[in-house]
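Labels A, B, C and D are assigned to the chains in the order they are written; within every chain, residues are numbered from 1.
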């Protein structure tokens, strides 16, 4: 079996042969409801809700509904579809990456290790969050021969920043993803109402606590030191050359939702951007990420690599984002729900289902690879 | 009583005389909820849900709400309305056909036989699915003098394909409906979560298992042979002449939702098309079928016969599809719900109610026949 | 107290003095839910639901939400507002009439008698339905000095038609309202599912059964004779001169929802029209009545009297209909819910609340009378 | 800690150190649901519902959803944001004021005193309602060094009006806010159904009962005298010079929702206006206040001070109103819910959370102060 979509038949056959149905739903948009049943209140509070009253997260989903796929018929689609692609030098079986998500141990004890292993098993690139509950080095070992990128929350302490970059490079992370939209933490009532911020409980500080530069500065109160060096609202375009000086791989800016900022990214020589509003976790009432994608891709899609993140739940969602101009898509909460529901296997399940649904949807839409998708594949509602 | 709408008075009178109310609701859009109460989980899973998270099925319904009928008054509507029509040589009391639906035994033990009998009793043409749970020959016998068409899932095995065409013709099926949108099975979580695909359990393979050409190839593992010959993503416009060579009746392409493909159908000399997204069962997030109908009918409605399918529930829905340019409408799930709720009688109930509501709605809109409906009968919301 | 809005203070004071709160809600849009608690299933089935799946009734309500009132400030509104007006020679305290509704005994044993008495008490004109459960003569006596119009379902039997006109005139009904949209009964699942049509049970036939012309024709089976003479789809513009010949008061056509038909009404010399879709009880999926009102009033509002009906629940709704060009508004279901909840007093309660809310809304919008309302009072959503 | 947003870290740290979570939710849009659990039925009826069927209140909220914030990245936001501003001579830490709300003792026994104290503690200006349950003098004492304005319901008795103005001035209220949209009380079913109007029970009459001019006129029936002097529909632009003659501070007109009235306010030399529909409590079906804001600010925003009120729940809402042209925003129901849930501390909680969320949202949007917000910060949905 070599089509990603063959996973579908595999599920049917496994149900047929062992009389058991899959443990986790294949309805990827329903994963959240399933995960609610197993997550602890604190984990739920941190993972599922968004900033404020959740308007941005709802807007993210609603934006997908305003675009409809227009399948074309009788186009002689290849019996063997090939969705594999290379993004900024990284190969992948289809244009999908694991989004950077912190403190994954909230979802499952194995946390990022399980995710990194699943990513490697399926061939999907893994992006390591600065706020991970496991260190660069641990995750790299779990990820093995997998492809991995590193997401940076740029601390105000440059020594720590430089140390992070050095360790990431040494551990085989090839592309740097700088998150722009979280120079301060968003207003997140679910966490606030529980008075729970993982980092204040030493959770999600693995990269920091294991860092010599951080240890030197933090003294006996690492949590407080983190709280002082994390906020970085002053970050500006003028800081980017520093990154370029200390990172020899591609650099991608994550969190852009305006054409103006996308153009500035081009002007500042960035390799890529991720159109994203952090899954609605930062600014309540913000523009839907998918609404931002089309105009941005049109304006700069030929000048740098445009990736997409925020609101993707299903294979159909991936199709829409690609058709609107994304070069590849980052998958966030769904894999985390898979992690919560089944550890490494759960993540693999979600990835294989997503890729399977993606392959089938692309083929049924009349294409032999994701690369054939274009704005003409969609119709505005 | 000779108006289709007289069925209404019949219901009232029957309630009056025997003190009993109808067994099945006359609110056709509410049939699904009733059917949920009687269908087995597996049947429910296969029949009711759609691809992915059901966005296409919801879009199908929402599209109907965006068109509103504008009834005209005092137009001297005929006391005896006549909605009878001839479509590709097939006569019918109103422009409504039974859509091809497979494995109807999931809904009721009598399956396609009950449906074919009901269709004949009401005079509505029956379209036989390749995936039926009864054979061409059994259905033809049940359908008797009724009008019947044959829907083809084109297998990759040409011998089986030819055998199917021969048997259909021999059994009195007059028009060939080639389904384009199901060269692979859509991603259907309700089935996947149960690990249940009827065909892997020898259900819905009646036409195959009874076929000499298939038997010859399949050997001892018919299910696996089906799984190998069913997927046919490579199907292309270039294959159509083969069909024409081996079928001497009209040929209709089912599953078209773009003006471009409709134009290609004209260019390839097809007799008709069915604007349809398979009731939302194939591509999640796809364009609503009704949204596709208007532009397609406008572009090619005079060059071939444009039929409509996907989302029709009520007589008002039929009116809207006809007014937007459909020559006739295929009715799917509603008759299946009727089948589930009452076998042959249930299907007849649904058909008579639909035709009754259709007649009354057309008459109240100021017309003496469906043929008078036009774009002017509607207003966009 | 002479402002209609003073009813508000009256309610507060009555609650203050007797410690009791009103028996029926003053939230007029919530009356339906209250009525559901007291109506019998059969009455509920006939009164509350609409044709088909209720799409037209929902569209009627949604249309109101798309228009927003723009209150103007500091306009020196009169301390004593005067909303009284004269419509086709009939005076009323505000441009509101009781819509013709049949078989009101389903809602309350006193039926039309209670409604006619309440109408007279409040000064609101009462429109008598041909399908009433009380006769012209009984209602006229109950209505006393009140203003009353007569609504005609034109039977195919001209003798009965003429007898109805004569009796109505003799009983003091001044204006004739010819209903156009119910030449056949709509498809009403709630009734069909119960096999209940009032008229087949001799309910709602009071005018017929008491009629000499009808008695002569009906013989021993009045119900069947009604069923034969009620359907009148052949009614056309050419029939209107007959009405004019036999009715010497104003004639109003009820059920018009297109500009074309409104223009035809002008051309045929009608005195008025009621823009209405029969509260959604006839054609499911039809255009919202309020959506039809604006264009119609603009096209013909100066050539004949444009009334409005369908979907009005609150004083704000009346304001919107008047601002869109209606000369006056017919109130249907709300008064019937009042009747169900409290007989004559219930109807009075609903009327006084509606007029009170209307007065207050008009005054707060910056006007001293309903007559000052115009398209400029509204903003499209 | 000197950023308003530092309140966020304070909540996390307090939860960390004392193991207790905040008593009241930080999800400001969810406060209403919490308040429902503690408010008496009468208080609920007066505070939460709106006029009629609540359409205006819903429209107010829906209008916010149609505008989306477009955060900008890498703009070097100040580590210390400064949202402080001066409006009509009144300083405040951010452009937010406490809206005038009457009878606050319904929410909490301490009523306006708690609110005035909380306002002073946080530095937010307090606007005193004529319908308060505590007098000018009591509130001024509670408010101490705080900033305070006075909202006038202009009674028809000029002596009382003049006495109110004198007392307000003497008690340190600096700006006069004249409410235009409540010359009559709106139709409020929740109150009417309970037959409860606070003022008829001597609640909300503190300013009146303590007034020498009022006492002189009222004799032994103050409630009835209030009922006679409160309605003032005749108020007009010509009355404004009288106010100017008797008030030497700025004058603001509250309740304007049309560009025409905003222009008239300019022409009549007003210092400011509050775009507001009284939180939907006066005219049901009225235009959403936020829909009115943009056009008004564009038309007159440079000619007088444009404030905004109606529907604000969260920091994101404040951002949207400011970006659409409001100079500052009035906060109503949310602080009242805080009052109900926790007295003075509850009000402080709501204010600090709102300002905190506001600061964080502004900073994450790429700005160092609210003053940088503009129409370019938003995108229409």
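The rule is short, and it goes like this: contacts are C-beta pairs under 8 Å (C-beta built on N, C-alpha and C of every residue); 3 or more make two chains touch, one makes a residue touch a chain.
Note that the coordinates shown come from a computational prediction; the quantities given were computed from them, not determined experimentally.
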Chain copies touching (chain C, chain D) - same or different residues, decided at half shared: different
Magnitude of the superposing rotation for chain A and chain D (Cα, nearest 5°): 90
Intercentroid distance (Cα basis), chain C paired with chain B, Å: 42
Centre distance in Å when chain B and chain D are each reduced to the mean of their C-alpha atoms: 59
All pairs of touching chains, each written as two labels joined by a dash: A-B, A-D, B-C, C-D
Chain A residues touching chain D - in the complex, by the definition given at the top: 52-53, 55, 59, 180-187, 189-197, 200-201, 227, 231, 233-240, 253, 255-258, 260-261, 264, 277, 282-288, 291-292
Residues of chain D touching chain A in the complex: 5, 8-9, 11-16, 20-22, 25-30, 64-65, 67-79, 81, 313-317, 319-320, 356-357, 360-361, 363-365, 379, 381
